[in-house]
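The following blocks contain the structures, represented as structure tokens.
Across the two complexes that follow, chain A remains constant while its partner is chain B and subsequently chain C.
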Partner chain A sequence: MGSEFDFSGALITYISVIGSLLFAIITVSVAGSFVVGGKTGPLAVLSILRLAVEDWLSTSPRRIWAITKLTILEAIRRKALLVGVVFAVLFLFAGWFLAQPASDPEQQVKVYVAFVMRTIAFLIIPMVLLLSCWGIPEDIRVRSIHTVVTKPCRRQEIVIGRVLGFTAIGGLLLAIMGVVGYVWILRQLDAKGRERLVARVPVYGKIAFKDREGVDQKQGINTGDEWMFRSFIEGGTKSRMIWNFEGLDAFNLETADHLPMEAGFQVFRSYKGNMDRGITCQILVVNPDTEKRAVAPLVTSRDQAGKIEQTDNAFEVKEFRENLLQLARRVVDDEGNELDLFKDFVSKGRLRVEVLCLPTQQYIGAAGPDLFVRLPDKPFVVSYAKGLLGIGLLTLMIVVIGVCASTFVKGPVATMTTFFIVLVGATGRAFLDTIVDAKWVGGGAFESIYRIFAHLNPQTELPSTLPFKVMQLVDGAGVGFLRSVRYLFPDFKFFDLTPYVAYGFDVPWTNPVPPNSGALLPSLIITAGYLLPWIVLGYFSLRLRELEAK
Partner chain B sequence: MSKLTGLQRKLVYLVGILVLFIPIIVLGRPDEGRTATGGDQGGTLARMRREYDLKESSLGKVDPASASMNLVLLGMRGIAANILWQQAIDLQKTKNWAELRAVTESITQLQPHFLKVWDMQAWNLAYNVSAEWDLVRDRYFWVKEGLKFYQQGVLQNQKYGEMQWRTGNTYSQKIGRADEWKQFRQYFVKDPNTEAFPSGLDPEINPEGKDNYQVAEKWFRDANRTIDDTGIEQHVMGRPLFRSYPVRAMIEFAQAKQREGVFGDITKQAWETAAIEWSQKYGKEEFDSPGGMVHLEVTEKDAKEMQDRGEDDKLNWVYRYQDMCNYRYWRLRCFVEREQNTVDARRDLYNGEVAAAKGDFVEARKLLESGMEKYDTMIRKYPELLEQMETVEDAMVAMIAWRSVLQIESAPVPDDYPLKSVWEQNAGSVGVFNTEYIRRKGLYNK
Partner chain C sequence: MESESVIEIRNLTKIYRDFWGRKKVRALNQLTLDVKKGEVFGLLGPNGSGKTTTLKLLLGLLFPTEGEVKILGEPATNVSKNERIGYLPEETYLYRFLNAEETLDFYGRLFNIPAQVRKDRAKELIEMVGLKHARRRQLREYSKGMTRRIGLAQALINDPDLILLDEPTSGLDPLGSRDMKDLIDKLKEKGKTVVMCSHLLADVQDVCDRIAILFEGDLKVLDRVDKLLVDEGVTQLKTSQLPENVIREVEEVLKRHGASLMNVDHPTSNLEDLFIKTVRESKERPGQRHVADGKPTAAS
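Right, the complex of A and B next:
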């Protein structure tokens, strides 16, 4: 799917960025020290590095734990837990502010779950940001840091202890708020709403299209929707939406009498037709190896013992709702042969599903995640906990950045720095990537200013005279600077797991499901990736700075 | 450095605080609402709020959530509202309907007395969001959401008749005139969500189980009454037109019943009442015009008398206002529709078109010819009705249905037949009327 997390690519980028950063720092330090102190300079640098290695090798978990404990006590003394009161007040009155589309439990669940998770994030993040940015500067200001650094306590232990302490406070609040939020959701919802609290476990396939002539296409038709996420196929033609599923053999389908699927198709009518009925679709199952194909019968009713009573060869699309489809195991092909869906169509765990729209001149549209095999649901609490873990990881990232920023600048500046990094990471990272990867049409800052005043559209070629070349050179330098600092800003889009929970899906581990951008493993990897460099940076900063400074 | 001691400094602060209290008390002292007994009328701000009717309670019902939200945001309300508007647009683009509804709610909490916000968001839900859904019952849900939103807006802005008018207009136009009007009008008295509304009535939308036009009429009347009571004029349309809406809703009610094939006493009574209300109440209402105060019910005799009195300018304004509201046509229409011949003509034409659509061609021909005969009588008696396309359309559609029956029966079109002159005058537009005929045929077949 479109926004897959490229694990190997990420690792290569990570190693190259960290490697070149280390190389640059060591080269500049050695060269600088040589200029300042002559031959003894580089030796001093080497001795600092040697001391650093010694420091890190003698890291003591006991001392880290002592600092962690102190940090927790200090945060409690600073009334950090009062944020819980704000939380309680918000939830007391939240019902007033939230819409209650009374008769639609599906919509209710989305609103309440999204509200709880966003509120938790919005309360915890500013709190840990402030705590982490003001802790060390405050120690330095009141000189209490001297009582610590004069003890046999290494600088990295101070940084790690601080990070762990603030994270623990954030985690504690997260857990309390999580439990309260969960109870609140349950209390707000009626019985029907509570039934909707599930974590659906989807198996997605790769989507492809065939146009009206039956020719393979990557995309279907755009029916004029501004949002290009879904594309459409025309009814009554050879147009098809095709999903290729893999890995179905990993699931125990042998005992089942049907394959459970769910569809979230959209409809575009070019004429009104029968307004009382939805647009009808048909599903074909195809064996990807033998190309054997047949119309999939869909279970429409079961008897009291749960045995399949009736099937239908088509279904009506219900837009923006769950369209649960049970593809009956017993399939009859065009020649009247009775076949088995799992044995005759699933080949090495692979199955191709083709969807066609039946009425002519009507359209149905979908994107990749709009048709999936629905495995047995997990309890809602599983996806909810994963969603909270996403907020927890975000908290940890902010604490690390905040603590490290506070080792070299004062509280207010550290706060601003961290806030800026979080802001760019959460909202501007995609924009930053567009500029740095030269996908931006219309040039850099100066070129854009010129184009605005000269009324030139971004596609118009600029003259290749000297002033313009200089302008583009300056812009290029700006982009170069952005390129060098791009990886300073973590890409927080992977941490947003709320939509999955709110929409009743299990949070995916590996790859984000469009149009959402979050996934658990990428967020864990990003957190782990940023953790060490930031802590090392904090260590050196604390080691080399003048702690007497006010 | 300061030469003051700590205590002196604190005293200076205290004096400073007390001094600052004076303007705060003078400006911001709250109104205790005891004016009748000569109590405290509050500070300057409280007095000005009262003078310009800007008190929360004087604008409409005070919503504690909205008021507290605005207090908590201090001066950031504008920024918060902007962010929420942007969010709402994005949510609509990405079809996140539930969250869109919640965000629009929050926007109105922030801007509870900004009429345009209510209007735009309620319209958006009732018209734009509803149209995004494919199933009619889902569409109806969102029309109701829009209506509920309008009603909240009315509660928070009770002094503005405009909001009530808009609510009434959605009841009348969206439910009664949308493409899905047939289903919407049925759902209005029998909600499709039987689980949530076992009685079939959504208490927030139609507690008394009335027709949508009857509910709309009540809202239009309330709008007129609010404007009379508060003196705050509406800015939707010209006053003579605005005031006609309650009666127009009655007329629409009668027309809707005819569209649905109901020709009994209910419909006749509705036209009867509309005729009286239109000519006796609405027609006698005085409107301000550059020619002086005028009313629209002016007979030929009245007009002659006005001319004799030299009130030509005033009479001119009467005619202009009458044209603006199509007064003469609706007056005549209300009177004509009460007549038994008109009722019979409409019944026969409707039943004939239904029979033709269902394939009962013998019955259809008989009914259509009878209806055309009566319709022709009506037009001969009131030829000015043909000035309105509605009258022509009903005649043309009936004749298209009749001709298609003749064609199926391989019978020639006779040389002379009722409404022939209407057919000949509009022969060039048969294509347009044919579209309407097909549309109606589709409805009859459901």
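Right, the complex of A and C next:
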């Protein structure tokens, strides 16, 4: 759907960025050392590379674990874990302010779950940021690092050990706070609210529309909303909202007596009508291969034993809440033939569903995610744990950036740098992308400057003589540089999984819904991709500097 | 009898620079020095003469401005050389939130020593440095001497071949410094090489085979201690108990040969005299340096 995370594209970009970065670094250092030191310069660069390879080949898990353990012990003995206590106290008081027992259970769940997860994130993130940015600089300042690096401890082991240690602290806090938060949510909710704690597993379809003449359209009607996320169909016409579902084989089709779906349609009334009754809609199921179609009977009541007692061919849209729809398996078509929803309409896991609105001059509207097949729910704990894992991955990223920054500069500067990178990564990546990927009218910086002084408008062709060629080449390099630099900022939007959990959905691995929001696999991949380069950078920084407090 | 060099220092110069790369101090100037396997080598000099700087350059903690260092046959920047080195820093830079056992366990891990060996060796070393009663206390509660002792223990955790001690006896009580001297003797017996900086000249004289005296980064004196302390102009007699009349007779004999009896006392140490003389001369006549053949000459 929409912008899925493009894995192969990401991998290619990754390799090309890392490759060009390496190439640039090596070229610059070889050339620079040649200028400074003559022939011995490049040789020195080579010997540094050789030493680096040796160092990395001698990496020892035992030494890494020693540093990790040291880091954890330090945090514990220096009472950094007091934050956990702060968190518990905060929960005790937060109940008073958030208490709203009268509001509906769904709203309660949203508020409490979001509150707990955001609080956890906002407590852990600043703490690991500070810890990771001050660890190594403090080690250098009091020179305890001298006793470590005069042992056979390799510099990358220090970096990795520190990263693991701080992440472990973050993880530990995350686990403790997660459990406390979970218990707190359970206690705050009444019985009805607790029932709403679910992790729904949706299968989304691709949406399409037909207008009132029955002609295919990408979108429905705009009823005057500026934001065209949802578009509408008119009642009593040939207008339709159509969803094409795939991958329904995941649902156990053999034993079920219905297909569970959930709808969240919006209503637009052009006249008031009976406000006590909702707008009625109908659902048609269509076999995408044979085009066989029928009205789907919806289960309205079941007997004691749970068998279907009654079905209805239409349903009323209740706005601003989920409408649970059970499409009965037994379907009767226009000619009165009895059919099987799963056998006669689902074909290779695909099913088309068409929704129409019955009353004339009333409208219903929806966007892609507003109708989905609801696979059997997972326990709430699952989505909650996945949401926490998202916070954990974010923690790891911040730790890696913080530790790497702290190998270059002192604590305060490292903190500012890391904070800046996280801030840009969390809020400004999209903006950066639009700037860098935009087509630059009138060329890059130097060309623009030239055009301003030469009073040339952006469309004027420049003479293709050497000076202009060089100018454009330099500009091109500048843009290329900017394009690479933006990758310094990891795209943190993928890490925010809280909305899924709060809204009662399972956290998806891929295919984020809505598009451009979080998902687990992209955040895992981003983390993995950034981990090594940052660590290598930290290694070289520690290796090439005198570890003397200045 | 030329034995293997454990440390080779060639024309080593270190200039400390500030953040902007401006020259601050020339801490070491064209130092050339060898330390042989199995010897105890003493680095002497007034405060700020470059002793600690030399050790840090040897360990690769600092990078030389000029010149070269080879230690155990490897360049100083190779981390693998550390496997066989033990280092006691000038001030004991340890993690103050660890206790003695945890400290040794931590450094043992850095040598990739298996758990059981680590435990045994830690126990042995803690006992050796006399901290058994305090082994579970965090180092932040330790006194200076106690910290020094645990620092020494961590320097020996890997049973090193080369031990670099920066002022090992500073902060130690008389018993402690006595133990330290015994330890150095024991290490020497085991064929280990020891390089130490110290201001306690009596200690140095007792344990060191060779010494170097630095002054403001320049090497002033370098030789065997016994040779340096021999005053060719003086002959000292040491005999069994002599009666009064025999002493008078000896005096008579000496007089006859134009010499005089100067001292019939026990001999005393005079490394102190040598040190003070060197420093004083260096101040009066700057630029004079030690060169390979042993005689001081004026630097170019």
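Points to keep in mind about this one:
Convention: the second predicted complex is superposed on the first by the 497 of 550 C-alpha atoms of A that agree within 3 Å, B and C clash if a C-alpha of one lies under 4 Å from a C-alpha of the other, contacts with A are read in each partner's own complex, and residues count from 1 in each chain.
Operating definition for what follows: a residue touches a chain if its C-beta (ideal position, glycine included) is under 8 Å from a C-beta of that chain, and two chains touch if they have at least 3 such contacts.
All of these numbers come straight from a predicted model, not from anything done at the bench.
Within the superposed three-chain model, A:H146 lies in touch with chain C and out of touch with chain B [touch as defined at top]. Touch criterion met: A:F229 reaches chain B, while chain C stays clear of it. With both structures placed on the common chain, the touch criterion links A:R187 to neither chain B nor chain C. In the superposed pair of complexes, A:R77 makes contact with chain C only, with no contact to chain B.
Of the two partner chains, chain C is the only one that A:L51 touches; chain B does not reach it. In the superposition on chain A, contact of A:R330 is made with neither chain B nor chain C. For the contact definition in use here, the chain B contact set and the chain C contact set of chain A share no residue.
Interface residues of chain A, counted against chain C in their complex, comprise 51, 54-55, 58, 60, 62-63, 65-66, 69-70, 73-74, 77-78, 142-155, 546-548, 550.
Listing the residues of chain A that touch chain B in their complex gives 93, 96-99, 101-104, 106-108, 110-111, 114-115, 192, 226-227, 229, 267, 269, 272, 275-276, 278-279, 317-321, 515. Those residues of chain C lying in contact with chain A across their complex are 18-19, 56, 59-63, 77-80, 82-83, 85, 87, 89, 91, 93-95, 97-98, 102, 106-107, 109-112, 138, 154, 158. Residues of chain B that touch chain A in their complex: 64-65, 68-69, 93-99, 101-102, 104-106, 109, 132-136, 138, 141, 145, 179-180, 183, 193, 195-197, 202, 446.
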